[in-house]
Amino acid sequence: MIDIIFHLLFLFLIITAFFMVFTKDLSNSVITLPLFGAILVIIFVILQAPGVALAAAIMTAGLTTAFFVITINKTEYGRNE
Amino acid sequence: MSRLNERFTKLYKIGLVITFAYFLLVLFYDIHNLGTDRKRYLSEHYISQGVQETGATNLVASVLYDYRAFDTLGEATMILTAATVLAFLVPITKATMFGTPFKSIVNQTVKLIIPYIAVLGAYLILFGHISPGGGFVGGVVLSIIAILLTLTYSVEFSEYIFKPDQKKFIEDIGAIGFVLLGLLGIFTGSNFLSNGQANFGTGNAGEVFSAGLMPFINLMIGLKVSAGLAIIFNSLIKEK
Amino acid sequence: MEIAYVAVIILFCLGMYTIITKKNLIKIVIGITIVESSLILLLMLVGYKPGGTAPILDKRYEIVVDPITQALALTTIVIGGSVTAVMLAMVIKLHKRYRTLNIDEIRKLRG
Amino acid sequence: MITPGILYLTGALLLFLPFQDKIKYIISFLIATGALIVTFYLIPGDRMQMEFFTLTLTPFSVDSISKLTGLIFAFGGLATVIYMIKICSPAKLRLIFVFIGSALTVVFSGDLFTLYVFWELMTISSSFLIIMTIDLTKKTGYYYFLMHVAGSLSLLWGIFLQYSATGSLSLHAIEAGVPFFLMAIAVKLAFVGFHTWMPWVYSKAPFYVAVVLSIYTTKVGVYVMARVVSGIHILAYAGLISALFGIVMALRQNEVRKLLSYSIITQVGYMIIGISIGTAAGISGAIFHLVNHILYKTVLFMAVGFVIYTTGKDDFKNLGIIRRKLPLTSIATLVAFMGISGVPFFNGYMSKTIIKDALHEPILKLGLDLMSFGTSLMFLKFIYYAFFNKSNINFAKKPPFSMQIGMGFLTVMMLLIGIHPYLLENLTNIHVDIHYFDIKHVVSGFQPFLWSIAVFISFKKFLVKSYVNLPYFDIYRKMAKIFVTTGYKLSNYHDGNLNKYLLWATNALLILLLLLMF
Amino acid sequence: MELAVWVIILPLLTAFSLGISKLYFKKIFFKLVIGSAILYLYLLILVITTSYPPKVYSIGQWGLLGINLMVDPLSALFLLIIALLFLPFIIFSMKYTKCIKHDYFIFSYLMVAGISGMVLTTDLFNLYVFMEVSSLSSCALSLYKKTDRGIEGTFKYLIMSTFGSFFILLATILTYYLTGTLNMAEISLAFEDTPFTIKSTIMAFFVFGYAIKIGLLPMHAWLPDAYEDSPIPYNVLSSGLVMKSAVYALIRGLYIMFGIDFLDESGLLTIVVFWGVITFITAHCLAFQQSNLNRLLAYSTIAQIAYIMIGLFVGTEAGLIAGSFHILNHAIMKGTLFFVVGIFNYSLAAVEIEDIKGLGYKFPILSFTFVVGSLAIVGLPPFNGFMSKWLIVEAALEAGFTYAAFFILVGTFLSLTYYLKVIVTLYTKNEKPLLIEEAGLSLKLPTIFLGSLCIVFGIVPSLPLHLITKIPTFLLDNGDYIRILIGG
């Protein structure tokens, strides 16, 4: 069971990554970043790394996303690539 | 013609990356086939002896703050550098974020949340050597207080509560404190950043005040990281 | 577990592709984030042992995953975060000076 | 141990000190005199050895050839220092001192490393002398510097080949890398094909710089050639070709100093022939010719210097002032002319006779006569303008007395050697078994000279007319152009596109991976 | 050996306390900067003099369980470069930096801390961490002017450098995966029975990652961009130290972990020598095209580092000595040149070659220093550059790389073409009246100090060679190094 979840998670991870890279809308790709981070966090938890999971949750999914959002807000909000 | 050229360039780039991926695949396959259960005496030693040697039940913390504390020093320096870069890059100006005023319910909620966040951060910092978390994560959580204030009220308000100079001061104090705690090792006749090997007494593993200097190091890192990230965030916001 | 390594490879190469192809500055920084995440994931996979428990030893466990890689991963996350922050600040600055995010137009330095 | 080279180099350092100009002049005079005295009392066989990082060096070793060369270098140094002491600023005097000092050190060096270092130092100091004097010479200096560094790098490569083949740096005949040594020497002594720097530099540089350069630059090349690559027969023909080329080019020149510099190429041809014979007589003939050549060529350059100093230009027309206003210079010029044409009882005759005597191949003998003939022909042009052409040029400036002393020294020396050729032999214990004033030698000495006078009188109108220079072809400029265009194309690829740079990096990664895997 | 760790702690502590001093004790800020630099110099001299025989300092007293520091002759050479450059750099920057200088010095101290950390550590991941510290603070210094070009160049620098760092990190992780340890000596022992292809791929990642930071041919493009509009004293440290520290890390990693035999077997030596030859020929061609002095010197840096790589990778004892000597010499020579250009820039805001026309007569001593520096870097005697180039060529010939040796001489000629261009412009008379801001003694003194070192090391090369000749003992045969590290 856990294996299937695990595989699905990786699938999602890769899909979100591809979406992030190839979507035309910049804000879409930035908003996908926390999703990507969240999936990563779940994977870390499954891989028995709670400390790293916490840090990744806060840093990758949280603060980095916030930085990106600020950047987009300061530069070209909503404009296409 | 230029379109064709562009196409070709793109295909070429994809080809390059796929070739590289193939290389990586072969490499990983080879390493995997080598048998992963090679003896990792270092981690075996940490797992079997770590709790006795350092007094911290959280082995990650014992690695971060004791065995490989020097890495953590570099890491702390990294955040300080980033914070200084951002503070330097953005001159002290007034600016707003988003430009959308929030409803008062949001403001009230934030007021309510802040104490909880503070407690959570303090918990994460102080119990860093016992449970997941540690100075770094706790510090980030603490910095969220300032960030929330910035987001919901304004940069001005946030910087009125936590003055930039104070934050910088706290950050530097955290960094200096970390180094001074490390130097304590030298003064007690041991080496730099020694903790488990120096005679600070590891205490009973699992208690808050155990593992020698580790809670204090956690505290310093927490202070540093919280102040540093708040500076980074506010600087980014202030950038016009 | 093998699929995880494949995922790491895909993420790493995707990030690389983003960095070398995309013209948008923010996309490039996103690419860097992806590569960094893939490396952290790799670190976790390297340290993982099937059936192991997290390295928090409140009592004795049979199999415990490698604590070193987790410590390294924490350090990597922090370093990556700070580098990303600096990069984004520079992106904002560049946009302010050049009024564009397109890397093709940010080309005052030549020769 | 005080070596003349070190003396000069110390002199250059002393000139850095903040003295008054007068004291500086006294210092420089003392140093030049001291160097001459020190050189005079050197004993062949002296050596000095030292350890320098991984190498064992012999920075100082004396034998009869180097003593003779050193002596004439020191003598020329003294004469030029006196000549230019009034007209040269201390900054240039410093560079000149470094130049002379390194030339003297090259002459007395006993190993290839020292030789290379001071050879390069000569290049550097002379180039800066050219670059720093006036604005007109910037491009000239650039060209000169590049050309000579190319030559010295070729020397360095030769030294490396020799060093890795034999494991020793001592200055003997070379075993490996001969072509590279030859190339280096060819640049230094302005062999045909490598000569492009010479007429340009000597005609553009200020006259006192040209005087100094003409004494040392080519002669050091000759000396080193005598040392390391003597006795390669084929080179004798090369020297002949070079000399004939020099004659043809010299006859076509409209500027006096260009004529003089092409004449250097011709004269160096004699020395190449002498060295390439390889016998003791040949080499000592070449060295004697070197001595004589320094004497008369310096005097000629100094005479032109007078003309430039007093009238401001070096057209042929201006040479008339020599006859009109400069009596001492007229005597010196005449003596030098006689010497360079190889007229018996003047100094050039002596060394030419030795070389001719050492030759056994008829073609070369004929060529040597042809060279003498050509030389006197081109200097007849000089003499014609100086003494027979009507002109009414007047002084713009009066020359200082010190210039005349410097020239006078050399003239006296020339006369001495001409009348008593054994002087040089006795001075250095090189004995050439030859009777200079045999009837046979004297006749063969006079022949080309008389022929040339006859030819000059009959073809005067072709010889003295001013020619339009043929289109100037320089292969080195073409190569430089290729270098610049390649660089420009490469530079255009760097158009500031980050994606492109990253793509290059990725390509490099894959190439590296492929190379390491297979 | 207690002192070794202070080499890292002192600049870190200084940087942190400078942060506080900037806020509350502005008066003592510059005193603190200078005082700490002098103390640091003293400390470095102490450490360098006791560097032989190497000893191990264990952080936290964990022995092989933790991170160890070690000062061997190669590290001592880098400490020597820091000692020679850092105090002049500080003194020069005091006067040079016209805008607010507080952050500038904080970054400088952080950068030096990062570099000394890289140089001393024996732990692979620690090396990565300190490399990131040094490169981030180096970026910060590079954008210090906050001009358009400065930010653009720094952005390129940061992206490229991070791109390289990823590969280094990847290789580090894979190394840990394979060996289960991060200590270089233990990795070296564990690598002995690792298959060839795996090892060579990991090595390729290391080489590629560091090659970006070093600036070998196709990865060099960020370097002139980063140099063009950055504060010039920073360029001194960057070309003298930051790029060299990448060379250090590469050499240390390859020679200790993989061993010379493996490098030879996998063909890396041949590849890098060839790579270096292509790099410096191209860099010379490009440098001739530049009209900006900073860019010109940047391309020259690329070329000179290619010489260093050739020296270090011919794989013989003589080569290592020659390469290390050139590292030192290049730091001094490039420092001299950049300082002089910095003074010109300070006095009349000159950046283009045209701007410095006629300065040879206005600044006689400085121009002379510039001439000395450029002749030294071209490799003409009797300056120090010639000595190290002689050694490099000799080593290359000895090891059988005849073509490399020959092309080094060709490169010498090519480099003369553009340096001479600058010198000739310097000594061309200029009628235009110049607005000159007088350069003080604090600007001139460091310049002349480094310039005189060019001559001193050229005439007495045995002075630094005394230290440098010991370097190959711990690199060529990594056994000694490993024994000391594991045993100590």
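We call the chains A, B, C, D and E, going by the order they appear; numbering starts again at 1 in every chain.
Throughout what follows, contacts are C-beta pairs under 8 Å (C-beta built on N, C-alpha and C of every residue); 3 or more make two chains touch, one makes a residue touch a chain.
Chain by chain, the UniProt names read as follows: A = MrpA C-terminal/MbhD domain-containing protein; B, C = Cation:proton antiporter; D = Monovalent cation/H+ antiporter subunit D; E = NADH dehydrogenase subunit N.
Nothing here was measured: the structure is a model prediction, and the numbers come from that model.
Among the remaining chains, those touching chain D as well as chain E are B, C. Among the pairs A-B and B-C, the greater number of C-beta contacts is found at B-C.
The greatest centre-to-centre distance from chain C, using averaged C-alpha positions, is reached by D. Of all chains shown, E has the CA centroid lying nearest to the centroid of every protein CA atom.
The chain with its Cα centre farthest from the Cα centre of chain A is D.
Averaged C-alpha coordinates put the centre of chain B at 72 Å from the centre of chain D. Put simply, the C-alpha centre of chain C and that of chain E have 28 angstrom between them. The geometric centre of chain C is 67 Å away from that of chain D, both derived from CA atoms. Annotation for chain E: residues 125, 129, 132, 136, 139-140, 143, 146, 152, 155-156, 159, 163, 177, 182, 197, 201, 224-225, 286, 289-290 touch two or more other chains. The set of chain C residues that touch two or more partner chains comprises 10, 12, 16-17, 19-23, 28, 47, 54-56, 68, 70, 72, 74-75, 78-79, 82-83, 85-86, 88, 90-93, 106-109, 111. Residues of chain D in contact with at least two other chains: 491, 494, 496, 498, 502-503, 506-507, 509, 513, 517. The chain pairs satisfying the stated touch condition come to A-B, A-C, B-C, B-D, B-E, C-D, C-E, D-E. Interface of chain A with chain C (complex): residues 6-7, 10, 13-14, 17-18, 20-21, 26, 29-30, 33, 36-37, 40, 43-44, 47-52, 55-56, 59-60, 63-64, 67-68, 70-72, 74-76, 81.
Within the complex formed with chain E, the chain D residues making contact are 52-53, 116-117, 120-121, 124, 128, 131-132, 135, 138, 141-142, 145-146, 149-150, 153, 156-157, 160, 163-164, 480, 483-484, 486-488, 490-491, 494, 496, 498, 500-502, 504-505, 507-509, 512-513, 515-517. Within the complex formed with chain B, the chain E residues making contact are 2, 5, 9, 12-13, 15-17, 19-20, 23-24, 57-62, 65-67, 103, 106-107, 110, 113-114, 117, 121, 123, 125-126, 129-130, 132-133, 136-137, 139-140, 143, 146, 174, 177-182, 194-195, 197-198, 201-202.
Interface residues of chain C, counted against chain E in their complex, comprise 12, 19, 25, 28, 32, 35-36, 39, 42-43, 46, 68-69, 72, 75-76, 79, 82-83, 86-87, 90-91, 93-94, 97-98, 106-109, 111.
Within the complex formed with chain D, the chain B residues making contact are 13, 16-17, 19-20, 23.
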